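Shared chain: chain A. Partners: chain B in the first complex, chain C in the second.
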Partner chain A sequence: MPAIINFLTRRGAALLATWRIWRATFGLAGKVVVAALSPAVYNSATRTVVMKQIYFTAVQILVPFTLFAALLSFVLIQIVVGTAAEYGLSDYALEMSVRLLVLEVLPLVTALFVALRSGSAINTEVALMRINNELEALEDSGVDTLRLEFMPRVIGGMLSVLSLTAITSVLALVLAYLAVYGAQPWSLPDFARVMGKVFDGAILTGILLKSLAFGLAVTVIPVAEGLATPKMLFMAPISVLRGMVRLFFVLMFIEVASLAFKYI
Partner chain B sequence: MPLRANLSLLDNIALIPQYRHNLDYETTSAQAWNLLLLTGQESAALKRDPQLSHAERCVAKLLRAAIERPPIILIDRPALLLPDTHYPPFLSDLLERLADHLNDCWILDYRWNEPLYPPHLLSPAPR
Partner chain C sequence: MERAPVPPAPPVPRAPLIKNLEFKIGLLLTLTVLLGAAFIAYTLYARGAFQVSHKLILTAEDVEGVSVGMPISFSGFPIGKVSRLHLMEDGKVRIELAIPKEDARWLRKSSVFTLEKALVGGAKIKAHTTNLQDPPLEDGEARPLITGDATKDIPVLIAKVKSILENVDAMTTAGAPINQTLGHVETVTGRMAGDYGLLQGVMGSPEKAQKVVQALDKANTLLTSLNGVSLKVDGVLAKTDSRLFGQDGVMDQAQGAIRNVNALLGDVRESLKKADTILANAQTASADVTKITGNVAEATTDMARLRLEIDDSMRKVNHLINEINKKWPFAREVEIKTP
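For the complex of A and B:
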């Protein structure tokens, strides 16, 4: 009997801890979104910090990530076009390539890349700031940490996911055109017709919402996990591990929800 | 307070009046640059936190405090900030250079470090 009570107590404590972290995550997401949409929040310092954050999260990685996305897109397009030709479905090769890359693979790969590069760094930074009492020091000296520390990171992450998804998607469209029609301009009307068929209003809204959700997740979850770190230095790597695992599942959940919404 | 890792030393100092008084970056960075010139650390202006030496980081933190001219600046156990520097003469020189920009500056240190400090930095009151 004591073993059962002990087991239930531990499971209950774990469940409560999970509930608390999710509540904190949604609370933080709400506060950050409200702050980001409030013009009064943007004073000279906030603008400087947000601009720097956008540079370090989005601009600095633009070239290497775009090159990688071009390579990935090229390989996947070749596979789709080749397979479609084998089965006599060449007419659908362009549409299949675009649906695969622009609607599904590139937004997810972009979110995973930003999560690995910036999300893990944000989680570590916030966890260490909490362990070293730096957040309390900032608040004691009258600094709004939401405005100066968390909101810039979230805006940087969201813009990073949105802009990198947009840039790599345009690149994938160009590569798909070249793979299907070759390097000539006479098939542009056919290409435009297929694009019009794929990208209707609902799909465009869906991509935008999915990318925004990805962007919010890759920054808010690491910040929330960092803020929940117990004040012990050895907990910093555990906090990052937990944050990244939660982030992975959330990204996958958003992707699966998006697929279900579109195709089921 | 921590320096922001993705801002340069100059930006970190300029950020304080930007935040407190919503001054534009040109004005605050000019103030920050003048303070850096006074301390002779202008070569570190564009370095970010991970690239700074202990002395440069200490100067950055002091200047972030000094740029607002608070009534008192307290340097708590400077050996923690300057583990690789013979810090009493370093601090003495730094405070002399910034004399016109500081109201009152207190250094809090262990009693057994008292002989390290030049006499003019020691408080006359019994401690």
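For the complex of A and C:
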């Protein structure tokens, strides 16, 4: 009997902890969005943090990441175009590769990349700040940590995801044109027709919203997870691990939700 | 000793952690905004937001596979797209097409519009214009859409294939005629593998085949003796040939006889001429009978002699002809007529 009670207690505690961390995450996201929308929070200090965040998240990795995305796009386009030609569906090759790359693969790959590079770093940083009581110290000295520390990171992360997605997507469109039509300008009207068919208002809004959601997730979840770290040094790696797993699930959930919204 | 006051260290200008941070971030964000704005403008252009388009209305019974945004093609080139689809009161479908102004020239009053459905891939609306000199199609004009559906024939096709398969099934079941035939073929080919090969296959057993072989042997012997016979016949024929056509053969003799006949006929002709003259003389003579009664007896003697001569000649000729007939048995109807 006590074993069962013990088990139930532990399960209940775990469930409550999960509930708490999700609530904290959504609460933080809401607060950050509200803060980001109020112009008063933007001063030189927040701007510097935003810029640094963008620098480390996007500018530093821009060239290698773009090259990698170009390679991935090229290979996927070749596969799609080749397979479509094999089944006599060449008419649909361009549309399919654009839908696959620009709408799905590239935003997701970008978000995963930023999550691995910046999300983990943010999670570690916040967890260590919390373990070392730095956050309390800042709060005590009257610094609004949400506005000065977290919100700029979230803004930077979202802008970075948007930038990287935009650049790699445009590159993928250029590569798709080259793969389907070759290096000549006479097929531009045809290309425009397919683009017009794929990108209607709903799809464009969808890409923007999805990228923003990805950007929000890759920064808010690590911050929330870092803030929830128990004040013990050995908990820092566990916090990062949990944050990353949760982030992965959230990214996948956003992707599946966007797919379901578009095609079901 | 008082030390000179240490001058305060000049403030070291702290090198910024990252060079040109603002510039780089500005560049990235500007690039992103530009790309985004340009892309939105491009999609607006691609969706035809900046182009003037003609409206064309097609009516069809069934528009399965047609969707808004579907291209309409002319000679394989997309020249417009479906902008709206809706059902009309009479149950037909009204398809509104948006044709860009510069592509509207391909559509004329005589243009025909078809909806084609393939087995794989979506449906296609095609425009066919045979005469580009016809007056152009007006904005908002309505035309029927002719539908042709390859998939309609599939049920019929499947029914046929089914009956064929049933036949095949009946043919392949145990005890089916074709199976028995194949069994027989197997028996025959099995026999063919024996000593007498194909012959044994046809005859059924080696003994019967052996009989056939013996019969063939006999036939061979027979043929050999026949060969001897034909050789002999050949000799006989050669002899006949020499007898008939050789030197002093039957032919030679016949030729000689014919020459004789010719000479005889000449004689006969001469004798007849003489007879003519005599008869003429007789005429003149008879006119003056009394005058020449004395000569009559003489003349009659002459006549009698002439008659004898002619008879003699005729006999000779007849005899000759009989002779020829004996030797040359072909021309039967030989007749010499006396005048």
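Rule of thumb we're sticking to: the second predicted complex is superposed on the first by the 264 of 264 C-alpha atoms of A that agree within 3 Å, B and C clash if a C-alpha of one lies under 4 Å from a C-alpha of the other, contacts with A are read in each partner's own complex, and residues count from 1 in each chain.
As a working rule, contacts are C-beta pairs under 8 Å (C-beta built on N, C-alpha and C of every residue); 3 or more make two chains touch, one makes a residue touch a chain.
Owing to the predicted nature of the structure, the values given are computational and were not obtained by experimental measurement.
Contacts of A:44 after superposition: chain B is touched, whereas chain C is not reached. Once chain A of one complex is fitted onto chain A of the other, the partner contacts of A:14 are absent, as it touches neither chain B nor chain C. Residue contacts after overlaying the shared chain place A:52 against chain B and chain C alike. Legend: residue contacts after superposition of the two complexes on their common chain; A:192 is shown touching chain C, with no touch to chain B.
Contacts of A:129 after superposition: chain B is touched, whereas chain C is not reached.
With both structures placed on the common chain, the touch criterion links A:148 to chain B but leaves chain C unconnected.
Between chain B and chain C, C touches the greater number of residues of chain A. When both complexes are overlaid on chain A, the residue A:245 reaches neither chain B nor chain C. By the touch criterion defined above, A:178 reaches neither chain B nor chain C. Put simply, chain A uses residues 52 to touch chain B in one complex and chain C in the other. Note for the complex: chain B touches chain A at residues 1-2, 4-7, 11, 14-15, 18-19, 22-25, 28.
Against chain A, in their complex, chain C makes its touches with residues 17-18, 21-22, 24-25, 28-29, 31-32, 35-36, 39-40, 42-43, 45-48, 69, 71, 78, 81, 120-121. Those residues of chain A that touch chain B in the shared complex are 43-46, 48-49, 52-53, 56, 125, 129, 132, 134, 137-138, 141, 143, 148.
Taken in their complex, chain A has these residues touching chain C: 51-52, 54-55, 58-59, 62, 87-89, 91-92, 159, 162-163, 166-167, 170, 190, 192-193, 195-197, 199-200, 204.
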